[in-house]
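Next up, some structures in structure tokens.
Next, two complexes with chain A in common: one pairs it with chain B, the other with chain C.
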Partner chain A sequence: MSLDVKDIPASEAGDLGGIDHGKSGIRVLKNNIATVLIWAAFLIALIPLVWILWTVLSKGLSTILTVTWWQKDQSGVGAPGFDTNVRGARHAIIGTLEIAAATSVIAIPIAVMTAIYLVEYGRGKLARGVSFMVDILSGVPSIVAGLFIYAVWVTFFGWKLNAFCSSLALVLLMVPVVCRSTEEMLKLVPNELREASYALGVPKWKTIVKVVLPTSFSGIVTGSLLGFARVAGETAPLLILAQYTQFLNYNLFSGNMAALPTLINVNVPNMAGDQVSADRVWGAACTLILLVLVINLLGRLIGRLTRVKS
Partner chain B sequence: MSSSTGASLSDELPDPDGRPPLRGDDANTGRAGDKVFGGLAIGSGIVVIAMVVLIAIFLLFQAIPAIGDDKVNFLTSREWNVSGRRFGILQMLWTTVVTSVVALIIAVPFAVAIALFLTHYAPRWLAGPAATVIDLLAAVPSIVYGLWGVIIVAPKSEGLQNWLSDVLGWFPLFAKVPSVGGGTTMFLVSIVLAIMVLPIVTALTREVFSQAPAAHQEAALALGATKWEMIRTAVLPFGKPGIISASMLGLGRALGETVAVLYILSALPDSSKWTWSLFNGGDTFAAKIANSASEFTGGTSTGAYIAAGLVLFILTFVVNAVARVVIERRKAFSE
Partner chain C sequence: MGKRIDVKDLNVFYGDFKAVEGVSMTVEPRSVTAFIGPSGCGKSTFLRTLNRMHEVIPGGHVQGKVMLDDEDLYAPGVDPVAVRRTVGMVFQRPNPFPTMSIRDNVIAGLRLNGVKNKKVLDQKVEESLQGANLWNEVKDRLNKPGAGLSGGQQQRLCIARAIAVEPQVLLMDEPCSALDPISTLAIEDLIGKLKEQYTIVIVTHNMQQAARVSDKTAFFNLEATGKPGNLIEMDDTQQIFNNPSKKATEDYISGRFG
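Moving on to the complex of A and B:
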């Protein structure tokens, strides 16, 4: 490997510390301006993140620190303005987790097998096509994914919507995320391991299952958790496909099911005039953002602790 | 790590040792296990292709009859009256494209600067955590961006927006629109979209910058270049195709963003006057579709929204495909 430029101390790499190395004032000035602007850009980018976290925590934390928030659903909710009880979000939390879990059960095998195909088998036109379509799929807007499932499920087959439809739409969004990160991990597995396995006469599929996958397992877990976090926070398809209910429902395949985004969406129209609705909105937003960030950071932590040394 | 964004440039990296990839074809014994496993792998790849193809087919076939039923020109009408079978996408197309492009114009300089910060300026202990923090911006759910934008930022930004339209109002993009108040304008949507696409553009740009050849950078420094001159001569030219394709991917994300736009942007009253101004309200494709789910009553009314979704799908497809082509060409050059 070549020398890492970052190892050169700043004093040698630009800032001359007052010694005249033949760099005119205007060039040094430009250099300093660039340095300041680049630091400033990073610091400015921190503002929205901190501001959003502060907003959501300061407005929602008191709601989610109550026991009823986690134990009760919204049954018995009254008209806005006449209801003084925030109640709980258990139905929405369980709905969000169930929908995201069902999505993962379908999406992760497809994504991992696609990544295996691209890294271990793929070549020629079909592999390029698959790789291209993974890129396209990762750019498909979530609302289009929702619309597509609606077009298939309701318009074409004439079936009734249920919570599983949301999962199906989210599969389209999760597959490319997990596939790309799995692909990256599979590429990091040293070829020596594969060669050693082949040399022992192990067939290709067993090499992949027993050598390649275990070596990259933590990376696949990381990618899956990041994908889970993404679909758990996704709202757009749910606006088309999910039928909100105030009651707790464990069954993905029948009846309506709430989710945190739809709980927010139902209460948003009333939040301007009604503090209880506003509390529900910020409480749900706070729960959602904590859920997503915790899973996301957990995934990164697993990835960092058990990284394959390349 | 760009896996949070679902897209990656790493498959464009040549093998570190310059060897062809190991395929192990001779170990592919053709016995049952290999046949089944290989079949599953190819099958999954085909499922992925089928997903995209099916999206296109279903949207297309349900959009065509609705467009045929349309009493006005689907592409050039600004009206959106589904029950009266008069619907055109011009207003939505304008709102969608302009908010996304303005978002990109704001986000790309920041993303390039932050990518440079992460690869060349940040002290080593800071670079990793700083990259994670930027990636976390992508993890914040878009509904939270929407809430934050409309409840917190919109009232605070109203003064700034009024001031801008007072000072720059002679320019059509910044003209005053008296009917839209409260700061819930395309201008604010662009800023929020810029924040939302910042992490993906940064992650991809960073990856390209970190691959800039160290030898070129050292050579520039050895010739007496300042750090900034080194970046301008050795890093930015190398990263240019990466920046372009990262921007296109960011544009694709911005075009399809739904809930944040839905919450922030004021709806326009029917038959409102056309204006070029950024301080106008409106609807993007995605927001209009999400907001009208209750109008999906079958036949032409559903078809009209599916047609709008099809246009959005085509837009993002083209933008993503262009991004991909730009990167492929870079790969061809660097090999």
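Moving on to the complex of A and C:
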């Protein structure tokens, strides 16, 4: 049932129990204007997103739909225009996955344990300090994280760079992201559950491990995978720390290792005059987006499967 | 089973703030004692000192003695975790563990304390659910989530969970305030049955409930906001409701304030 306010003349409005429909008309107008503005803002925000997706997919999809893209590396590629094959990105895909996986293995335990400390144990100065440091860390530009690891690894210790250095730099970027999201998830666990557990004579650490963490598990997994997706696309530290190579390298701890962002970076200078380089760039961009999408979907799936049912 | 509680001159603090002052009382074994009084008078706070749950709140501490038979709960070297295994608690809002099935909820306390024998656990599930008058309603769906039960069933599940660890004393902090009258009746019946085995202390805002279920009643009050609450009087429930010795008690139970 809808009664259109505009159809009722203001003079008649007085008969309806003294409700002034003239004012409602203005309110309806305001409502309509606000609705239009909100939708317009939404559509404007959508434009760059759709644009990016369209550009990357239209230019890169054909490349990544070939089997060679996933099977081969770039070995044998020489000067621009010299090699007429796009070849593959297997070396970069493996590199990105390995670097991001190593990052996650180090960063997630640190981040989750920091979050547990902050939510469950932290009181007073130390906790405030730690929380402040996490804020600072999340504000560190990624290139600075790369420079820091370079300074420690090469300048201070005098070691040779390898792909693991990139992981270390990315750890600095991933920890605050995962820590903050885990903190939020732990705070969502009702205090009543902790008290119920204490009242059964369960020690605090066991309460955290067996009651608090399982209750917030799906949220922690989702947050961790979002952190994974973020570092998989991170470029700046890799420019400093991960020397690009055309060859497939499985070993994080020795030799150079390619990654999708550095594959893009190497090919961009030749893009303008060389269609093959352009194909590599867009193919790698497309692969990266696909990778992040798959990880996000995976996160949602795990989140859904492990969510607490009621 | 069921131990006597002797409280001597207990002061309860939140940080520097004294919330409850100078409480001394004796709770007889295998009886039901009700705490009544206006909001903020410290009856829940005091209840939580009886199993050292008060210390879970940052800054929470006490002065004085709480004796369980001849053991001082606050003696140095007493582990609060061990105290809570002896003195169980049921909370205002039903709080079954959402990640666990009905079965796992009941044996959560045992399992988290290291009991692994499946036979023992299975037996305990049935025994505790029987004890909480819930067995017949849930025996066919023990593996369903505990959060899927109705509010009253959840509360009885929480009682089953609390008695599964075989405590001596059961504390109940307004266990019926979130429940409808029929579920409330079920819990009250259950309290009458549980007191054959356990010492029960119940905080309630419902004076009819206190009159119905308890043997003794303690009336708490506070002089003014910001002042600590104290125990005004404690006596047989009949006596408190029919012929209280203090004027404040009479005013409160006859509805003149609070």
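One rule holds in what follows: the second predicted complex is superposed on the first by the 262 of 310 C-alpha atoms of A that agree within 3 Å, B and C clash if a C-alpha of one lies under 4 Å from a C-alpha of the other, contacts with A are read in each partner's own complex, and residues count from 1 in each chain.
Here is the rule we use: a contact is a pair of C-beta atoms (placed from the backbone, for glycine too) under 8 Å apart; a residue touches a chain by one contact, two chains touch by 3 or more.
Just so it is clear, the model here is predicted, and its values are computed rather than measured.
In the superposition on chain A, A:195 makes contact with both chain B and chain C. Look at A:203: by the touch rule set out above, it reaches both chain B and chain C. Legend: residue contacts after superposition of the two complexes on their common chain; A:61 is shown touching neither chain B nor chain C. When the shared chain is aligned, no partner comes close enough to touch A:294: not chain B, not chain C. By the touch criterion stated above, A:123 is placed in contact with chain B and with chain C alike.
In the superposed pair of complexes, A:138 makes contact with chain B only, with no contact to chain C. Residue by residue along chain A, chain B and chain C are tallied for touches, and B comes out ahead.
Applying the stated contact rule after C-alpha superposition, one finds that A:46 touches chain B and leaves chain C untouched.
On chain A, the surface touched by chain B in one complex and the surface touched by chain C in the other have residues 123, 194-195, 197-198, 202-203, 206-207 in common.
Taken together, the chain A residues at the contact with chain C in this complex read 123, 190, 192-203, 206-207, 210-211, 214-215, 217, 308-310.
Those residues of chain C that touch chain A in the complex are listed here as 51, 53, 56, 58, 81-86, 88-89, 91, 93, 95-99, 108-109, 112-113, 145, 147-148, 158, 161-162, 165. Of all the residues in chain A, the ones that touch chain B in their complex are 2-6, 8, 10, 12-15, 21-23, 27-28, 30-31, 34-35, 37-39, 41-42, 44-46, 48-49, 51-52, 55-56, 109-111, 113-114, 116-118, 120-123, 126-127, 129-145, 147-148, 150-152, 154-156, 172, 175-177, 179-181, 183-184, 187, 191, 194-195, 197-198, 202-209, 222-223, 226, 229-230, 233-236, 239-240, 261, 264-265, 268, 271, 281-282, 285, 288-289, 292-293, 296, 300, 303. The residues of chain B lying in touch with chain A in their complex are 1-4, 6-8, 10-11, 19, 21-29, 31, 33-34, 36-38, 40-49, 51-52, 54-55, 58-59, 62, 109-110, 113-114, 116-122, 124, 127, 130, 132-134, 136-137, 139-145, 147-148, 151-152, 195, 198, 213-215, 217-218, 221, 224, 226-231, 249, 252-253, 255-259, 262-263, 285-286, 289-291, 293, 296, 298, 302, 305-306, 309, 312-313, 316-317, 319-321, 323-324.
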